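Here chain A shows up in two complexes: once beside chain B, once beside chain C.
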Partner chain A sequence: MRLRSILRALCLPATLALLVCPLRAWGQVTSTGYINATLINRSGIAVIFDSNSGGVSLGGNASSAASLNFGAISAFGALSPGVTRPSVGANSFTVQSLFNVQVIEGGLGSPNYTLSAQLATPAPTGFTYQVDTISLSTTAQTIQSNGTYNTDVQHTLDLLVLSAAPSAGGPAVGTPLTTTINFTATSN
Partner chain B sequence: MGWAPLVMVLMLMATANLKAQGRTGSAQLTISMDVTPSISLVFQNNSNVGNTGFCPLTNAGTNNVGLDLGSASITGDTSSCVNYTLNWAGWNYQVSSAFEVVVSKANSSSPNYRLSAEISTAPPANVTWLLSNVTLNNTTFTALDTADTYGQSVTKTLQVQVGLFAPAQTLQETITFLATAN
Partner chain C sequence: MKKLTLVIATAAVALFLAGSTAKAVSASGTLAVTATVTSQIYMTFDTDASGVTLTGSGSNAATLPFGSVSAFSAPPANVTLTLQATTFTISTPMDVNVRISNPAAASANCKLTAQLASADATNTWTVGGVAVTSASAATINSTLAYQTGNQTTGGVSEAVAIAVPYTEAAATISNTINFTATSN
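Right after this comes the complex of A and B.
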């Protein structure tokens, strides 16, 4: 028993020393790993709206989800900044704003693009929407067939509004109306 | 030797992919507006313009026109289109000319409108401005009509009555017409 105690007392420090000493020596050893990363940069195009200096300032300017608020419109009253009234006829009037579309391309060999537009939902009663004099519907209409990439291209948005009273087929009055136009650019 | 054709094919495929047509991008533009009812008032020449009693308006067809009644005195008016009458009993003379007022409406269910007018400054002594026999003043709008029809011209005659003893002077007024939807 005494011998065992002596050996145990001697052996434990010895064992610790054996463990510690090699660890200190192996701390200089390094190991290397490798990550083989891959990125596929695909070609693509993006469409954004930019405010035009001659039109209404867009909400969400320089984005692909912008808004254009004509404010209060009427045949004879004052209009918001950037809104013009090119015509007032016997049965309708037109209010107008300019806006820019910029189509950005990356990785394409395409020389230009075709721009189309369509209403997300049917136009409210008494309204006709036109982009560059092309009447819009819920079916896509070609607005431009040879748009230039990476630069603002000016477009004209016309709202043709019937002058009739709401009870006679005209648009609702005193109620904010909202319509969404979806634009699609397709590389040529 | 065996890999060369495959590499060329892959390169051709990559090139073809870069020039791929028909890539699309889309965006949404949300349009909003609020239609408000409105009415307009414009002045037009009468169909008899040029004849006596119907002088031409300058800038006809707008809401800001001019009407030159010439130069008048106890002996008459220099402008042939002016209707001149000398009223000995009233100790004055009157010059007059008729024109048209057209009020239009849009997006309104208003059945008709009322019309009133006001002169810009108080006239000098012994001078009276009238519209179709209704005397005007510069402090309030004076009612002319109570239920005129939209889109139909309404003939109004501007009259200026000048006392025979009024001093020589230039008489000038801006007459504001006010149409109000009923």
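Right after this comes the complex of A and C.
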């Protein structure tokens, strides 16, 4: 008896549904589906270089593979925009440009980062590279130990140039000399 | 025994979590730096300690104002007046400062020449005792020593002199001396 009443209760709506469905099908066709989207939110950091308003405009600005061209440099005379010459000594001179490093952080919970730099290859003869007055070599040097994430941090790139002739230990003259500096940011 | 197992398990989980949060993450970027060194020889004129104050001292376009001079009155400060038979000469030292950077070939010194920009048929101009005309460049010093660094004082003292005939009417005498330094 109880089973019969349950079946009756189920059958009535089912009958109604069957009657209604063909009516709706005349008016519109509906199809449904679903996409199961999955996002893996991975934590991490990234390094990008940004031009500084007081420095040389970077090639590849706002990327992690930028370039900085001092242009034609000499101990005397005009320099390219953004390049300064803070010192001229008896045997050398220095040209300088500002640039920004931004380390973007997400999901780490790290308070700050350590920035290190090293030359990809030994410096050309007669050249010495400094970032924030720290001389670079092919061994990583710590530039900053408490960098702030997600904001441009200004750094100074100095290029110390011997003013001697190439035959006397000075750099090659009249030829663009390029050296790559590898920067690494490590979360603290 | 169960208690001990629970403690060990909790400690293991704690150690695992601690290790995972302390793990440093790093990222890198590259900055390619380019520069082209150019050879440069640079000349400036500087006021000599015993000379007339140059206007534009420390630059390569200076002015030497002798002021008002006469054969028969005291010369201005730091101007030497000498009288000859038919002319009087005014003279003052100035410093020529030549610096060199990144020469293509090593250079120990340079040759300094001078030439008047305009002909002067009346007065005789000399630099370092060498007559200077507009006709051609005169060698003032064939082995002028280079100065070093970014100094704007010092340099090699060279006397600039003008011999003026007594017969010349009072007037302003003005000319430009073009100097050229060539690395040896």
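Going forward, the second predicted complex is superposed on the first by the 149 of 188 C-alpha atoms of A that agree within 3 Å, B and C clash if a C-alpha of one lies under 4 Å from a C-alpha of the other, contacts with A are read in each partner's own complex, and residues count from 1 in each chain.
Assume contacts are C-beta pairs under 8 Å (C-beta built on N, C-alpha and C of every residue); 3 or more make two chains touch, one makes a residue touch a chain.
Predicted, not measured: the structure shown is a model, and the values here were computed from it.
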Joint occupancy of chain A by chain B and chain C, clash or fit: clash
Partner chain in contact with A:Phe99 - chain B first, chain C second, else both or neither: both
Chain B versus chain C as contact partner of A:Thr128, first or second or both or neither: neither
Partner chain in contact with A:Ser87 - chain B first, chain C second, else both or neither: second
Partner chain in contact with A:Asn112 - chain B first, chain C second, else both or neither: neither
First (chain B), second (chain C), both or neither touched by A:Gly77: both
Chain B and chain C contact sites that coincide on chain A, given as residue numbers: 43-49, 63-77, 88, 93, 95, 99, 101, 103, 108-110, 120, 126, 129, 157, 159, 161, 163-168, 170-188
Residue ranges of chain A touching chain B (in the complex, touch as defined): 43-49, 63-77, 88, 93, 95, 99, 101, 103-105, 107-110, 120, 126, 129, 157, 159, 161-168, 170-188
Residue numbers on chain A that touch chain C, as the complex places them: 43-49, 58-59, 63-77, 87-91, 93, 95, 99, 101, 103, 108-110, 120, 126-127, 129, 157, 159, 161, 163-168, 170-188
Footprint of chain A on chain B - complex, ascending: 17-40, 104-109
Of chain C, residues touching chain A in the complex: 21, 24-40, 42, 99-107, 148-150
